[in-house]
Every structure is written in structure tokens, then in C-alpha cells.
Amino acid sequence: MKESGLYQSPWNFLGLPEDLAQPGRARAWVLPVPYEATTSYDAGTRNGPAAILSASRPIERFDPEFDCEPASEFGVHTLPPLKVTYRSPEAMLDNVARAVTGILTGSPAPDLLAVLGGEHSLSAGVARGLAAARPGLDLVAVQIDAHADLADEYDGSRFSHACAARRILDTCPVFQVGIRSLSAAEEKFRRSSSRVQTVFAEDAKPGGAWLKALGRFVKGKTVFLTIDVDGLDPSIMPAVGTPEPGGISWETLLDVARVICREAGSLPVFDVVELAPIRGLISPDYICARLVYKIMSLALMRRKPGRKSR
Amino acid sequence: MKESGLYQSPWNFLGLPEDLAQPGRARAWVLPVPYEATTSYDAGTRNGPAAILSASRPIERFDPEFDCEPASEFGVHTLPPLKVTYRSPEAMLDNVARAVTGILTGSPAPDLLAVLGGEHSLSAGVARGLAAARPGLDLVAVQIDAHADLADEYDGSRFSHACAARRILDTCPVFQVGIRSLSAAEEKFRRSSSRVQTVFAEDAKPGGAWLKALGRFVKGKTVFLTIDVDGLDPSIMPAVGTPEPGGISWETLLDVARVICREAGSLPVFDVVELAPIRGLISPDYICARLVYKIMSLALMRRKPGRKSR
Amino acid sequence: MKESGLYQSPWNFLGLPEDLAQPGRARAWVLPVPYEATTSYDAGTRNGPAAILSASRPIERFDPEFDCEPASEFGVHTLPPLKVTYRSPEAMLDNVARAVTGILTGSPAPDLLAVLGGEHSLSAGVARGLAAARPGLDLVAVQIDAHADLADEYDGSRFSHACAARRILDTCPVFQVGIRSLSAAEEKFRRSSSRVQTVFAEDAKPGGAWLKALGRFVKGKTVFLTIDVDGLDPSIMPAVGTPEPGGISWETLLDVARVICREAGSLPVFDVVELAPIRGLISPDYICARLVYKIMSLALMRRKPGRKSR
Amino acid sequence: MKESGLYQSPWNFLGLPEDLAQPGRARAWVLPVPYEATTSYDAGTRNGPAAILSASRPIERFDPEFDCEPASEFGVHTLPPLKVTYRSPEAMLDNVARAVTGILTGSPAPDLLAVLGGEHSLSAGVARGLAAARPGLDLVAVQIDAHADLADEYDGSRFSHACAARRILDTCPVFQVGIRSLSAAEEKFRRSSSRVQTVFAEDAKPGGAWLKALGRFVKGKTVFLTIDVDGLDPSIMPAVGTPEPGGISWETLLDVARVICREAGSLPVFDVVELAPIRGLISPDYICARLVYKIMSLALMRRKPGRKSR
Amino acid sequence: MKESGLYQSPWNFLGLPEDLAQPGRARAWVLPVPYEATTSYDAGTRNGPAAILSASRPIERFDPEFDCEPASEFGVHTLPPLKVTYRSPEAMLDNVARAVTGILTGSPAPDLLAVLGGEHSLSAGVARGLAAARPGLDLVAVQIDAHADLADEYDGSRFSHACAARRILDTCPVFQVGIRSLSAAEEKFRRSSSRVQTVFAEDAKPGGAWLKALGRFVKGKTVFLTIDVDGLDPSIMPAVGTPEPGGISWETLLDVARVICREAGSLPVFDVVELAPIRGLISPDYICARLVYKIMSLALMRRKPGRKSR
Amino acid sequence: MKESGLYQSPWNFLGLPEDLAQPGRARAWVLPVPYEATTSYDAGTRNGPAAILSASRPIERFDPEFDCEPASEFGVHTLPPLKVTYRSPEAMLDNVARAVTGILTGSPAPDLLAVLGGEHSLSAGVARGLAAARPGLDLVAVQIDAHADLADEYDGSRFSHACAARRILDTCPVFQVGIRSLSAAEEKFRRSSSRVQTVFAEDAKPGGAWLKALGRFVKGKTVFLTIDVDGLDPSIMPAVGTPEPGGISWETLLDVARVICREAGSLPVFDVVELAPIRGLISPDYICARLVYKIMSLALMRRKPGRKSR
């Protein structure tokens, strides 16, 4: 029926051929969660996952850092978007947690799950789903963000995007990088809590001591990496709700990922959230797609001996 | 401190001078409700109220139909936007109902309240709030819409925008105009229910018998007019989530308003909902603002004797 | 692995559940051809097919004209987009023709194929592919368009979008509706050719004699319906390269489709081309999607006896 | 140096070849006046002239109404945009008047000058410049507009866009078509003035008596036609500052032009103003370009005997 | 009448509760001046003030540099936008000067006035108004800008945006930072004038000697800080008319503000001008709002002893 | 006919007066080539040349580096855009080559030709045209790019934008700067070829040894500089099809140009390609225009003795 070569590659992350995208073959899976409901400022994060998938298609698969095409080795399976119930944030969190647990404990199951948001509030569901799937393990979270997201309640809800990190703390300790906006209550909580460490954006410079602290934090642990893309500087990531100036650079973000992939016991899941695509401006979408692919490669590829990490 | 004449007119509906916009002076009040949460298609109705207010400022106050400046006679007070709790649609509806009841039974109170949405699901709250404020009266609703909105449940919620008319029916009967999209279940319900009358868009032509039926429906009643602007044809109202072709014209919409204002016992409240502003395209915003002002004038002005209605 | 109910419906035309979208089950198939290369004015038709698919998802499946959900009866299968070789327009046409022939003669094969463009030049490939698939049959084409597209050569190419109808004439006669722009050479050719009939836009009014002529033209024939959406008036279809004022209405377009479906021997394929989506303005995309669904229903559903066509 | 055929046609109205665009050859000239300063609502009319020129390039030159390529017969010369001094509206008006007089009395001079705005306030300068160039003649103006523009002063200026028609009245009487917004003071002035006739939009229907009145008004006179494009309905002309619903149709606008070209003594100049281009939406720009070309053709072409006007 | 908690916070800078926004309580006032008339390149600065106000609402009030919520201590009152007469730039300047003088000498009066533009030409009015309000004081201006703005006349006007700094020099000496575009005449004037000092963008690096020179320039003086946001690099501030590459960084801009607040005798007024908001791209608006709040805090808060400035 | 001073400066690069823009006077010429056909990702490069020309008009002609107005000394002539045949990429390349050869060998001829793209595939035509015009000379190319563009074939074509550098290699050796994306095949080819040198983006830092290597590469040669603007970092150049993070800075790009202008034997032609303008975001257009002017100045101006290069 379909003559080979006449049709385009399937609609999946990186536009991979079907064999590389089968669940039984792919070691990395992508789960889109286009959830948006509690955002206070401006709308758009519900379009984030579709924008990242679309932008990922022209990405070149070859990566000089690994001198090969990582995706052709590990494969990537793209799940359909999660159905996000709008009844309440709690119901959404339950669904996300249930989906993540189901995926990680299923058969076949991925070695690495990349969740694409959607607003940051969903990350607490990811953490909870991971904890349920890996019950005995020592879990920690690393958070890239401009905002501490440590509010216990916001706009009358304990599950607002402004409570994202606080709800993750219900599951495991958190190491924050890039923070430059928080409330007085969050600052007070942060100082009093032994479960949260914060590296402010002005201190998150290349080669700083904070990278060593991060290494110690994740050492041997099962890590959940949650990336609110507004942690990046608005110069390269303007497509967010509250684009705080003075953010971290692309290189610093990769440094964080490299430390985690080198030191952690395992990285079974990460998410990239809060992209609010701007019509006509593909740069932020493309950079997010690049980021997802790079983290997959860092996590799943064995390093070539004798080649220094960049 | 402020030298008179140096500053712009205040930020309110029509940009009226402060004396015409005081609650004690104004017979018409405007309540913005920037609620959006259950929309399935595309985002943006939360920006509707602000867009209508902004577009209303350059409107010419003089109206040849009344040979005067209606707004200068009745005055318009603009309330701050309602705080819309995102915990759940139910909580939103309670707040809207509470606000509407509070406004209509307060002192001072308006003769006419215009609610600006936001998505259509909020209209059930308006109806409920009106019923609570006017307990003894015989209440009916007139709905302009492309969609029947008669679903009893949608996406797991009984308070979705697709259930707007069904939830209004919990309060009072509904006369629908402009419908051109509905589900099999809605069609079945519509036929079986004695509380809903439907004029499909293809039948909603000028001078049709349906206008007489509408007159009988509202005769002497207390009317709630709820206008989902997607009832209009997409040629003049493209800024909606699902712009169904074959909609009613601007003139037909004014005909409906004129029949209601002529035949109804009273029109204490109406809403204009589902405008999803398009950046750079002010035409839909401006037309909505014009519509709100025209309905106010039709409802609140005595007709000049000897001047025929257009 | 995937818990039922957690995930969204698949990404296909109308967002149908997988069983209704299988090739073996579906009587209607959709083929996206995102081709754009010869456009002289402004870019964007390559984004047309994706926009139509995306806009089709919230469409209500129930149709009052048939008092049922037509798509639930006939099913719709969505093919992956055709790979459009950019070597030359000729190569593109060959691929389109090859794909259309392959689909129509395959097993399973659809009863009706809807091709989504892309620029109008691809329609000659559709016609050629249809002729190859139905060799013995008496083929005619009906063209909705603002432009005659009868140039024998344009910008040095015989396969430009301005030659679309001329190249279809290489395969079969053409009946044009909605024309309001053509060159002196096209006018001369049109008058001299017995294979082309033209109904100018100003004459394409409801109930005109031209509809009878159309009925005679298609009577008992195998029809290819090719719709350049700029045939519609710019008031509802501004998202085209050259939006000529004075176009036909939505109702007139449906009249054309109804005459064809009533009088033709068969309608095995139609295309909808030249949509150039405008960012932020979903109305044209949605109207195109509605059009595709309506033509499918008119072509594939048996009419309810005793119910008058509208 | 330049090999013939390698380069695109020059950047002028309709993209004409250089010989048809020379001042000595062309009977029609185009003068862009990108002036914008007094607009109260939203910005953008300064981009109008460039948008019309750009949109005019793909227009088909052949016109079935004349069965030839009118532009190939009369030629069109495009002047550089007028330098618009921002010191004051008065200075702008002086410059416009000076330029128009200079063009109409120069050698070579056009038979017809098309001025592209820019905001409507410039039209008073066009009228004044025409009066100075044709001192002995009996001058009248026909105004297409949604707004009466009869204010004697607005925002502290007698030369605001809201005073456009009032300032033209300083030069000659005015016949207005399409009006649907005016102030109480304008209404009072309009009724008391013998120099202004107004056809409201609701009365400007095809075949009305008003067309005969227009014919009498322009009979044998030297006519200045000034078209504020917001006179058209927002469904086809949304790209204006205050898009009033209920406007005139494309066909009605052409009717006005046909009456003028048939009855007037001469039409030496017309303007098309207040287009405020919307990024990404070319339809309004294209329709304005079509309008300019059509009026040129109606004014400059002899009608084919025996062919009825449409 | 209004039930507490149901309504959103008022529409003012930072969305402060009413008590913090009263003129008698607030030490900082905001004056929007949406003036735009002389811009040569592209339109939009008239939308700047509204965009900054809108973007300021989600800003977190807590500031780690002061370990408190500065705005909750000093309060901010937002004035209505200045009515900007379009008769002439001179009239606009007179009004701005009159308003600034009126505000600074009124009762109550702010300790700090933030003026939001609008185009840079208005800053000369601010300077003049300040001089009139503080007659005996030793006034200097610090200008952040990509352009020297030292033209004595531009496009026939002495009050163009290209003359902004030259007109400020009529009132007081100017220290310029970030300059990377100027004309030959401006360069000549700059070298010959003892009243202007220029730090070119390429020299405005962190920790440079120029910061010491700035400190000496403002030492003990009454300072007017005028920020044309195109002084910033286009990577974070693309929303300007002429976005010159090679601009200063966010950190450098804060360094300038810190030096002024530490060394100056007083900073009674500053302005932020030339933001030309881009639809859909909130990042520049948000950064401007952040900037306004930060300067307010630096100027009005006492520093915590023992806490080092960042 | 035209009164001097009434009209705007002509529509050419930098908006120069006519005398400075005459071919016989101008040493620099600009050739727009709005070609786009093989782009795989997103459309828009065909609008690049017009956007650069438009953005160039407000550029200040004075350059502090040369302490004069370079353009007033060398003059710039702007050619009409090349007619780009869409029959095939090969035909386009032939036309570009023919045009470049014709211009460089004509009389008058420019000292420096700036070609504005359009997609990168056209650069091979520029190289070929240059080689034909300067047959005896030792030609080399310097390429700024994010992508190696070394594919021998892509999407079935040897003339795709992904083959740009490979096709230039058919004419001369290439020195690449800023590369951060390439395929496995390109990496293999690159390592094996003696005709290509690559400086990856991460190594292209200020003051690196690579600048010396570049100096040796161009020493005394006839250089063709081809700039794919996606070589720059997306923070200042987001308006490209595939905006790879980690790009080179504006300063580094100028360093490359300075080394070439200092060390090369001559620079007769350069191109700036792949700008895909984003509606409403002028910053990338303006930066490209600035770049073109700066390279012209560096190439054509004698340096002031004793003034150090920046």
C-alpha cells in the first residue's frame, strides 16, 4: 500500500525511523504532559511539548562529543500526550504519578524517561511516580529554575506551579541551581530546611565550588532532574512566563547535566518544563529539544576512553 | 497634586471621566471575569476582558439610534477583575455566583450588570447568582452560541465550557440562537427537553418567525442574556476557540438584543464570553466592546417617541 | 504498559480513536502533501496540511444534516505526509501521482481520498494518479479557485501553481467556479478551449443556472474535486497567498459539493490546497478542516430518505 | 552590466517594467505619504503605503471588465514616499498640498494621482493641493468612511484625523458614504451644514437611491475621492484603527467608484488612507492594492462599447 | 458591595494592594508617558508604559539583596498616563515638565519619581521639570543609551528623540554610558563640549575605571538617571527601534545604578524609555519592570550593615 | 516636477542619496538573492534580503572606528533582486554565478560585492561566479556557520543548503568557524579532506590561536567570505532555521572580518545568508544590516595611521 521512500519520517522525537522508535527497542522514552492551569502570568505552557517535538525533527543526530549518533544507538520512543484532567491539580498529579510509575515498571520499560511539560506543578507527580517505581532507592532531585518554587500554598492551592519544589520535597531532598526570585516566606523556609540547598544564579558560574557540592549531593543516588527552562538567561530562553534577567548559561546547564551523569547512581527520569512557545520564534523550542537530546546522550552513552569531556 | 487636563481619562469601560464611572452614579456596571481552565482547543479567553476594556476606550459615545450619548446619561462603573480560583471549576462558579449576587443586592447596585469572560462555563455562575438575587422572579436565559453547550459532562467535568447551557438549565429555561455544532447526545437531549428551544444558525435569518418566538419566550420575564461570541460568523469574529463557519451576522445579533429589550420584563445582567484575543488583530475586541455598549444602551435608554427602531 | 484512559487520542484527522483510523477499517483516507516551491507571492502553504490536521481535532463529529456521526460510520485513516522532493516540480508531480495511484489501487484502499496541500501545482499529480488508477473511466475535474490557473508556463515552468488547471486539462476537462483573476492569455485560451468551463465569482450566486450546468458536467462521471481555498471570499479565508475580494461564500461552496455528490458517478478523490496558515489566526485552518469533513460526509453517507438537503 | 532577464521587476506599484513606470509615459502616478501622528487608538498607518506597494506586485494586470491589461495601456509611475515633517500636523498638510500641486501642475504630469496614506488628516492637504492646481474648476469631494470626521477640533488640534472631512470642507463640499460613528457635535454640524451630505452605512445598500444622489452631486464636477478604508466592513478590512461593524461591502465601494467615473467631469486625484497593516495578514493590504488599481482603470480606460458595466 | 478576597489586586505597578499604592503612603511614584511622534524607524514606544505596568504584576516583591520586600516598605503610587498633546514636540515637553514639577513640589510628593516612556525626547521635559522643582540644587544627568542623542536638530526638529541628550544638556551636564552609535556632528560636539562625558559600550565593562569616574561625576549631586533601554545588548533587550549589537549587560546596568545610589546626593527622578513592546515576547517588558523596581529599591532602602552589595 | 526636500531618501542599502548610490560612483554593490527552496525546517529566508535592506535605512553612517562616514566615501549601489528561477537548484546556481561574474567583470564594476540571501545553497554560485571573474587568482573561502554544510547530497539533491560548503569546495578550499552541528559522514569527510579546516564554536573564543591560523589561510589570497548568520549565538540571532545554542559572539565575528581584511590579498565578494526574518522582531534584521555595513567599511577604508584596530 505505501510505497517505501515516498513518505516522511514518523512524527516522533528526532523524527526517528520507526524501528528506532519502538518501545521494545528504545532505551529512552518521551512523555508529553501538556498541562497548564495554575499559571498566574501568561498562558502557553500547554503548547510546550508539541513545540519541543516539532523542533526536534531537524536536529542532527551525530554528536561530536561521542563521535557517533547516540540516538541511533539507544533509540527513542515517543508516547502520546498524557490526557490531563482539568478537574483539579491534585487529579493531574495523580495521573502523572500513575503514568510515570506505570512506564518505569512496565515491560518493556525505558532506561530513561524524559517528561516534557507543561507547567512545573506536574514535576511533583513525576517525583512521586518515580518513588513508587523505585521504592527501595535513595532518591534526590536536582532543580534548575529561576524561582525557588518553595511556597507551601499559592493562590489557595498547594499544587500551584509556585509550589513545585515544595511538593517535590515531600518525596526527596532538592538541590536548586539558578534561583533569582523567591518570596520572604520561601527564603525563611529555605534557610530553615535541611532538605533544600540553593545555588543562586549569581553564584552559578563555570568552575565554581557549587559543582563539587552538586557532585556530592547526587553521588551514588537515584536522581530526578527537573529543569524549569526559565533557569536559563532570557537572552536564550525568552519563551517563559516570568523571564528573570541574570540567568544561567547554556554551558552551565550542560555542566550540571554532566556532573549528574558522571556522579549519580542512576538518572531514570528528568523533565523539561515551562516552555511557553512564542509564535514565530522557534529558537527557544529548538534549544529545549537540543537539551533533551543532550541529556539523553549524556545519561545513556558510555564515554569514549581517552576523550575528555567538554 | 494632579493638574487638571494633564492626565488621560481613567482606565475603565469607554474611558469615561471619573464622575460617570462612580458606582453610586452609574446604572451599568462591568465585571471582568478572566477565567480559563477547561478549554480543550486553544488558549486565550483569559485575556478577553482586558482586551474588551482596552478596545472600548476609543468608542464614540454618541449613538444616532438614540440621538444622544447614552453612556453620558446612564454612566458605567468598571469593577476590578474577579479573582478566579483555579482549585476547581466548581469553586470558580461559586465565586462568580457570590459576586453577582453581591453586586445585584448591594447598595448602590446597578440596573444592569455586564459580565465579561473568560470561558463560557462561568455563565452558569452568573445565572445562579442572578437567581439568588432575584428569588421570586420568573427567570429565563437567551443564549447566542455556535455550540449547543448542552453536554451533561465533558472531559470528566460537569462544569466544562461544553456544559455551559446545560448548567444554566439547572437554573432556568434557555432559548438558543446560532447553533451549528452539537453532539449526538446533545441533540437527543435537546429534542427531549421542554426547557430548551434551539434556532439553528441556518434558520437565524433577519425577519424570521424565530424572532417572534423569541419575543414570546422572554415576554415579561427576567432575562439573562449570555453571548458566546462564536455565535457570530467567523468573518467578523475569528478570535474564538472553534470558529464555526455559517454563523449569524452583526445585524441579527442586534435584532435579538432589540427583541429582548422591547419584550422582556427586565434584563438585569448579560455576559459576553469566549473572546480569545488575537495579537495584532483588534477588530474582534472592538466589535465585542461595541456590542457591550449597544446592549447597555438598548436596555437602559428610553426610546425617543416617533423614532422607529432599526 | 499504557494504562487505558491516561493518554490523549491519536494525532490524526478528527482525533479519532485508533480503531476508526485503521486503513483496513476507514473508508476515507487523508494524504498530507506539504509541498511549496513555486509560490511567487508569500510563503506558508507548506504548513497547510499540519494546520488542517491540528484544527480538525476539536471538530464535533455529529452532523445534524445526517443525524448521526458520519466519521464514526465511515472512519478516517491519516497517512504520513508525503516526502516532497525539491529537485524539481516535475519530480514532485511524479511522486504525488505515484502515491495517489498506489493508494487507490492498493489493498486495502479507500473509497475516498482527501489530499491536503500544499500549493496548487500538486493537483495535476493527483489528477494523473487518479487517471492511472481508474484507466477506463470518464474523468472530469471541478475546480474551486479565485484564479483560472490556465497558464501554459509561468516563471519559466510548466508546473507552477499558476499552471495548475492547465496541467489538469492534460488529463481531463475542467469546470471552474469562483474565478476572478486571470491573464489575457488565459482568457484567450479559456474562450478557445472546449475543455474548460468557467463560472466567474460574480456569477456564482446561490440558485443560479450554473449549478445546473455543473450538474450536467459531472453527471455520471468520475469526478476529481480540487479546491483552492482562495476561491472563498477573503472575509472567511484570508490565509491565502493572493486573497482576491469578491469570492464565493461558504454556503455556495457546500452547494457545489452537494451537486457533485448527488450527480456524479463517483468522487474517488478531492484536494484542498493553498491554505497558508497565519500564526495566531486559527479560523481559516478550522474552516478548511470543517470543509474536508463535510465533503467526506456528503460523498460517503447515504442520505436519510425524506430529509431535504440543505 | 545587468544581463537582461536575470533581475526581478522594479519595486513599484504593480511591479511594472521600467518603461511603463516612467513619469513621461505613465498616465497614473502613485504618491506614498506614510504619515501618522495624531492617531488616538493604535499605531500602524505609517506602514500603510509600503504594504500596499508590496501587495500590489502579484496582482494580475488583466481585467475582464475591460478585456485588456489596463495598466499596460495607461502605465503607472511610483513616486518616492513624501518626507513627512513631524514638527506639526500643519507643516505636514502644507507639504502634502505643495507636493500635490507640484505634481499636478508639473511637466510631465499625471492624468490621475493616487495618494496612499497614512492617516486621514493628510487628505485635507490633498484637497488643498488639488484646488491650487485646478483654480478655476468646480471641486467636490466624495468620502468613504466609517467616521464622519467632522470635528472642528480634536485632542487640541484642528488637524487631527478626526477632523479630516471638516478640513476638506474648508476647500469644497463633501458627500459621505458608509458613516456609522460620529459625535453629537458632528451630528449637529452635519444637520446644519448645506455643504455635507451623509449616507449612513445601513442605508448604503446596492441599488439604493443614494447612488443617484451621488451621481447628481458629482455630475460634471472635478472630483476628489478620499477613501478611509474603515468604511468597508471589518470582515474584509480589519486592518484599521477603529473597525466599526456594519460597514459597506466591496461591491458597494466599486459601485461608488463607477458612478463617479461615469458622471464626474474629471477625477484628477484620489487617496486610500488609514490602512494599518497587520503582520502576517496580507489580505487587507492586497484588497487596498486591488482597489487602487481598479479605480485607476475605471477612471482612465474608455469603456468598450456594448459592454455593460458591472 | 464588594466582598473582600473576591477581586484581583488593583491595576498598578507591582499589583500592590490599595493601601501601599496611595499617594500619601507611597514614597515612590510612577508616571506613564506614552508619547511617540518623532521616531524615524519603527513604531511602538507608545505602548511601552502599559507593557511595563502589565509585566510588573507577577514580580516577586522580596529582594534577597535587602532581605525584605522593599515595595512593602516604601510603597508605590501609579499615576494615570500623561495626556500627550500631539500638536508638537514642544507642547509635549512643556506638559511633561509641568507634570514633573507639579508632582515633585506637590503635597503629598514622592521621594522618587519613575517616569515610563515613550520615546526619549520626553526626557528633556523630565530634566526641565526637575530643575524647576529643585531650583537651588546642583543637577547632573546620567544617560544609559546606545545612541549619543546629541544632535542639535534632526528631521527639522530640535526636539526629536535623536536630540534627547542635547536638550538635557540645556539643563545640566550629562554622563553617557553604552554609546555605540553617533553621527560625525555629534562626535565633534561631544569632543568639544565640557558638559558631556561618554563611555562607549566597548569600554563599559565590569570593574572598569569608568565606574569611578561616574562616582565622581554624581558625588553629592542631585541626579536624574535617564535610561534608554537600547543601551542594553539586543540579546536581552530586542524590543527597541534600533537594536545596536555590542551593548551593555544587565549586570553593568545595575552597577551604574548602584554607584549612583551610593554616591549621589539624591536621586529624585529617573526614567526608563524607548521600550517598543513586541507582541508575544514579554521578556523585554518584564526586564524593564524588574529594572524599575530594582532602581527604586536601591534608591530608597537603607542598606543592611555588614551585607555586601552585589 | 519633484520639489527637492519633499521626498524621502531612495529605497537602497543605508537609504543613501542618489549620487552615492549610482553604479558608476559606488565602490560597494549589494545584490539581493531572495532564494529559498531546499530548506527542510521552516520557511522564511526568501524574506531575508528585503528585511536587511529595510533595516539598513536608520543605520548611522558615521563609524568611530574610522572617525568618518565610510559609506559617504565609498558609496553603495543596490541592485534589483535577482530573479530566482524555481525550476531547479542547479538553474538557480547558474543564474547566481552568471550574475556575479557579470557584475564583477562589467563596467562599471564594484570593488566589493555584498550578496544578501536567501538560503545558503546560493553561495556555491557566488564562489563559482567569482572564480569565473577572477580566473588566474588564488581563491579561498571563509565560512561562518553553525553547520558544516559538507554533505555531498541531501534529500536527493547535491545543491541543498546542507551541501553549501561542499559545493564551494568544488571551487576552492574552505576555512570554517563556529561549527557545532554536523553529521557522521560530514565529520568523516572533514577529517579526511585537506581542503577544509574547521574551528568548532566552543574553540572560537577571542584571542585564540585559530585567528592566527585564519590569518595564514587567507594571507595574500583572494577571499570569498560566506556568512550563514546561524553561526552567531541564538541570543542575538534567533531568526534562523536551526538556531543552535553555543554560537559565536558579535565581537568574534568582527574579529574574523578584521583578520581577513588585514591579511587577505583582496575581498571582492562576501555574502550574508539564512536570515529568516521574524515578524515584529527587527533586531536580527538590523544586526545583519550592521554586519554588512561593517564588513564593507573594513574592506574598503584605509585605516587611520596610529589608530589601533579594535
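In order of appearance the chains are A, B, C, D, E and F, and numbering begins at 1 in each one.
Going forward, a contact is a pair of C-beta atoms (placed from the backbone, for glycine too) under 8 Å apart; a residue touches a chain by one contact, two chains touch by 3 or more.
It should be emphasised that the depicted structure is a prediction, and the values quoted were computed from it without experimental measurement.
K.L.:
Please give the intersection of the contact partners of subunit A with those of subunit B.
P.N.:
Of all the chains present, those in contact with both subunit A and subunit B are C, E.
K.L.:
For copies subunit D and subunit F, work out whether under half or over half of the interface numbers are shared, and give different or same accordingly.
P.N.:
Same; most numbers are used by both subunit D and subunit F.
K.L.:
Please state the rotation angle, between 0 and 180 degrees and to the nearest 5, that superposes the Cα atoms of subunit C on subunit D.
P.N.:
For the C-alpha superposition of subunit C onto subunit D, the angle is 120 degrees.
K.L.:
How big is the gap, in whole Å, between where the Cα atoms of subunit A centre and where those of subunit D centre?
P.N.:
57
K.L.:
Just give me the whole-number Å value for how far the CA centre of subunit C lies from that of subunit F.
P.N.:
42
K.L.:
Please tell me the distance, in whole Å, between the geometric centres of subunit A and subunit F computed from their C-alpha atoms.
P.N.:
38
K.L.:
Mark out which residues of subunit B touch at least two other chains, giving numbers and ranges.
P.N.:
233, 235-236, 279-281, in rising order.
K.L.:
Going by the contact rule set out above, which residues of subunit A touch subunit C in the complex?
P.N.:
Against subunit C, subunit A makes touches at 1-3, 5-11, 23, 79-83, 95, 98-99, 102-103, 106-109, 279-280.
K.L.:
Okay, in this complex, where on subunit D does subunit C touch?
P.N.:
Contact set of subunit D toward subunit C: 57-62, 64, 67-69, 233, 235-236, 250-251, 280-283, 286-287, 290, 310.
K.L.:
Would you mind writing out the residues of subunit E in touch with subunit F in their complex?
P.N.:
40-42, 147, 181-184, 186-187, 200, 202, 233-236, 238, 240-246, 278-281
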